[in-house]
Amino acid sequence: MIELEKKSAFMKGTGVGKAMDEAIIHEGSDVLLFLDRRRTYIIKTKKREKFHTHKGFIQIDDVIGNRYGGRVLSSIGFEFVILKPTIYDYLKKARRSTQIVYSKDIALIVTYSGIGPGSRVVEAGTGSGALTGVLAHYVKPSGKVYSYEIRGEFLETARKNLKRFGVLNFVELKNADVILDIFEAEVDAVILDLATPWLVVPNAYEALKGSGCIVSFSPTIEQVVKTVKALVENGFVDIETTESILRKMKIKEGATRPETLMRGHTGYITHARKTY
Amino acid sequence: MIELEKKSAFMKGTGVGKAMDEAIIHEGSDVLLFLDRRRTYIIKTKKREKFHTHKGFIQIDDVIGNRYGGRVLSSIGFEFVILKPTIYDYLKKARRSTQIVYSKDIALIVTYSGIGPGSRVVEAGTGSGALTGVLAHYVKPSGKVYSYEIRGEFLETARKNLKRFGVLNFVELKNADVILDIFEAEVDAVILDLATPWLVVPNAYEALKGSGCIVSFSPTIEQVVKTVKALVENGFVDIETTESILRKMKIKEGATRPETLMRGHTGYITHARKTY
Amino acid sequence: MIELEKKSAFMKGTGVGKAMDEAIIHEGSDVLLFLDRRRTYIIKTKKREKFHTHKGFIQIDDVIGNRYGGRVLSSIGFEFVILKPTIYDYLKKARRSTQIVYSKDIALIVTYSGIGPGSRVVEAGTGSGALTGVLAHYVKPSGKVYSYEIRGEFLETARKNLKRFGVLNFVELKNADVILDIFEAEVDAVILDLATPWLVVPNAYEALKGSGCIVSFSPTIEQVVKTVKALVENGFVDIETTESILRKMKIKEGATRPETLMRGHTGYITHARKTY
Amino acid sequence: MIELEKKSAFMKGTGVGKAMDEAIIHEGSDVLLFLDRRRTYIIKTKKREKFHTHKGFIQIDDVIGNRYGGRVLSSIGFEFVILKPTIYDYLKKARRSTQIVYSKDIALIVTYSGIGPGSRVVEAGTGSGALTGVLAHYVKPSGKVYSYEIRGEFLETARKNLKRFGVLNFVELKNADVILDIFEAEVDAVILDLATPWLVVPNAYEALKGSGCIVSFSPTIEQVVKTVKALVENGFVDIETTESILRKMKIKEGATRPETLMRGHTGYITHARKTY
């Protein structure tokens, strides 16, 4: 606290007062209870409730009024850290009706798409809404994600996930087939995670503004070859396909090494830009 | 154009009119002249000027009034595409006083930091301002990047780059040493790309809000081992170190394969979260 | 058979007659029963016995007299291929008292060591004898592997494995500590797979002939750093450390991609040559 | 020398006497002059000659009579180590009429082929004879490599390389097309490094003994897909395709990291075994 006061002279008008209030956990806030990297739980806090884990239960009343970054003991004495969920924490905990895209790939998809606050983005398919949520996180509050999904039954799961992520207002969910039509025009980016991206390329072209980006994620080489061919034929340039291999490290003095287990492959990411 | 009219009924109030105007290149606009992936140029358009390339010169008057995604011929008949530079295009073309962080790594740094529109971020060192610019791109318009650099002579280059990227308003450049002090408090993230990140960990802890993220980029294993040790000792949890290996693919029917040349290593990315 | 006869004119004196006899499975021969890549079994054939698998039992009398590459049906109709075990098949099936070195790493260890038929090689530690067996395979019949192991209880397992591999005659097993002494001199290569290779470097230097190779396998970076330091200080040159990352591919028209699961890391291989 | 005498009691009959004589460089011996990892030269020693390098010339008379692992000074004082070339040193220095296979890939090809001293191996195409030479190194002295090449002009270079490697006696070079015919039968392995391996699969099947191995190296995915299809259709089992990614490490206390530059891709290795 002394340190904070020391700083306060420098911070006039920087919103620290508001930040301090936001640092306190109120009833109804989402928290990430963290025991270790493998055992984490996102819950919405409710007074007088208990949250049960394999390491005893946690009194939610001990969480409310605490601050993010604080600690709480379970009924049998295990210490949990109370974190504030990021969009990627939500993603890992999303209800899944489909395989979801990994953070390492989302990171590159966002990068290659060139989007940012204010961007208008078409995405297909919605699936569980995990990628949708991250896109919305980056284009909010003035941008919008138009997310297409032909399997109507998935949209309800996606809607619940997006609501939980806190980004539903920045998404328009559409039960429609991007292969048949894309209803938007002059969008900044089209992002595809579906089985036959090459069939979407003509409509993506139409929907994009000039110089706008298409980014497609596909697990197999054959999908990539067909998609690149369609991009070439439909007036896209700056076509590139990459694969991101993420290597986790075990860092410990005297025992430092890459992790033994590794995700060998998730998919290829192809991106390009529209020209006239 | 017919397609655009067909769509117009769907797009009332979606800002397409504004988008259409923004699609036209005005004098003073930045454009990326694209011949192929290896030969691209970012220039600010000015009437009656010529831009000289190894493939002849381009009349800038042919560019102004054209639209992004359009094409222009050089004096000896080579076709250039006129693209709108993204933040990553600017990054590749940034004036460099230092080695700059690669897009593949920036993508993960942004992801692990959890930042988005509105975030307040401390970054050090500024270097050429490349990473600074991308961070600003994602936190704008309501967020801010506080970027520290001890080598005063680099700040002028960084300022020029950030101005060119169009994000200078969202950055506060500071000629100061983060190892001695960080003047902000309750920030969402601290992002480090400097030689001795472990020495910054105590100040980063003080500056961060509870549950806030620290992300550090380092080329060598020894830097990582020291940084992880400092994070453990200073109350951080959820500590993870990863390395991103980007594999570019050559996609061509009958000749598909990973590229022969590859960046073998850039650096390790360590991230963690503050607890009390 | 017709094809073989057609060839016979070309093959006088090439030992095909002998090869034809060796193609027949006799009682007491080892065979690899292969159902698919995950379900394989090495057995020694014995008349009137049955071999039980999850897919029914196999009458060994159906195997004896058959030829390598032939097929046999289990009692419930599953088809097994009868293969001749290679040294690497034996390695995968070796009785293990320790973690054994992977084929991808053995391949590089053999390569960097420069050994071949006739080479004299010191190896430590023996462990389960898997690497020992492969080394013996390549130096036989005129070469020799001197294999050191301080844990006497492991040597019995190693001996059994080497006998089964058919290479025991080309190995001298030693219950001794290479850190204390290496009894051979003027050897072609010293190969190390133990916890503190840097402590062996002085004795390895003494044992090697001039220009001879040392190759060391270690899982952690810290082991490698210490070993390289010891190599520099002890008159070795041409020092190089590499890591082999093996990527398995799923090859299927329309669904080609790297495998999802992957061994992320096994160890680093350091090699160098002795100078005076 | 004292140490060697101390050892001598242990080494009766181990051929050390012969080894000691072989340790001396005679006229006509090949030596590898080593300045650093990037500057190495293989030469045949001849009395009264000079060998010129960018770091001055070396008097060959200073090399003859020296021992392998010894050192020699150039005319301007640079120290060169005199090493004994391994088969892989020769490979790196081979005269090239074609792209040659990398050591990391040869290591796996040898492993998957299961060959060793005494094996009979068919190989195509010969190219510069680099892979041929390594195969001969491992099958000698009782085995044989039958190496096919349709481009007659390459065979002369291959012959010179194999002679220099010291393994020409263990190779039979053939100016013939493996797609049309393979003249051997009951061979242990068929190893392919040519543009259309799938066209060779039927002849490879015929030439192999039962349970014998085929190993094919191809740069592109499409080659691999066709080859695997042909293997399935021609009675091969245990089919697997892998890619070896070799990561070189820069090991230096305080600056340890993977090398910046890396070979991104050389080729895929497919192996399988013949069944009846």
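Labels A, B, C and D are assigned to the chains in the order they are written; within every chain, residues are numbered from 1.
As a convention for this text, a contact is a pair of C-beta atoms (placed from the backbone, for glycine too) under 8 Å apart; a residue touches a chain by one contact, two chains touch by 3 or more.
All figures in this text were calculated on a predicted structure; none of them were measured in a lab.
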| query | Smallest number of touch links from chain A to reach chain C? | reply | 1
| Among the chains, which has its CA centre at the largest distance from chain B's? | C
| task | Take the average of all CA coordinates in chain B, do the same for chain D, and state the distance between these two points in whole angstrom. | result | 46
| note | Between chain B and chain C, the Cα-mean centres are separated in Å by 49
| query | When the centre of a chain is set as the mean of its C-alpha atoms, what distance in Å lies between chain A and chain B? | reply | 19
| field | Junction residues of chain C, two or more chains touched | value | 221, 247-248, 253, 256, 258
| remark: Those chain pairs meeting the touch criterion are A-B, A-C, B-D, C-D
| message | Help me check something: in the complex, which residues belonging to chain A touch chain B? | response | 3-4, 7-8, 10-11, 14-16, 19-20, 23, 34, 37, 67-71, 81-84, 86-88, 103-104, 106-108, 110-112, 114, 116-117, 120, 137-138, 140-141, 144, 183-186, 206, 209-213, 221, 224-225, 228-229, 237-249, 251-253, 256, 258, 268, 270, 273-276
| query | For the complex, which residues does chain D have touching chain B? | reply | 219-222, 247-248, 253-267
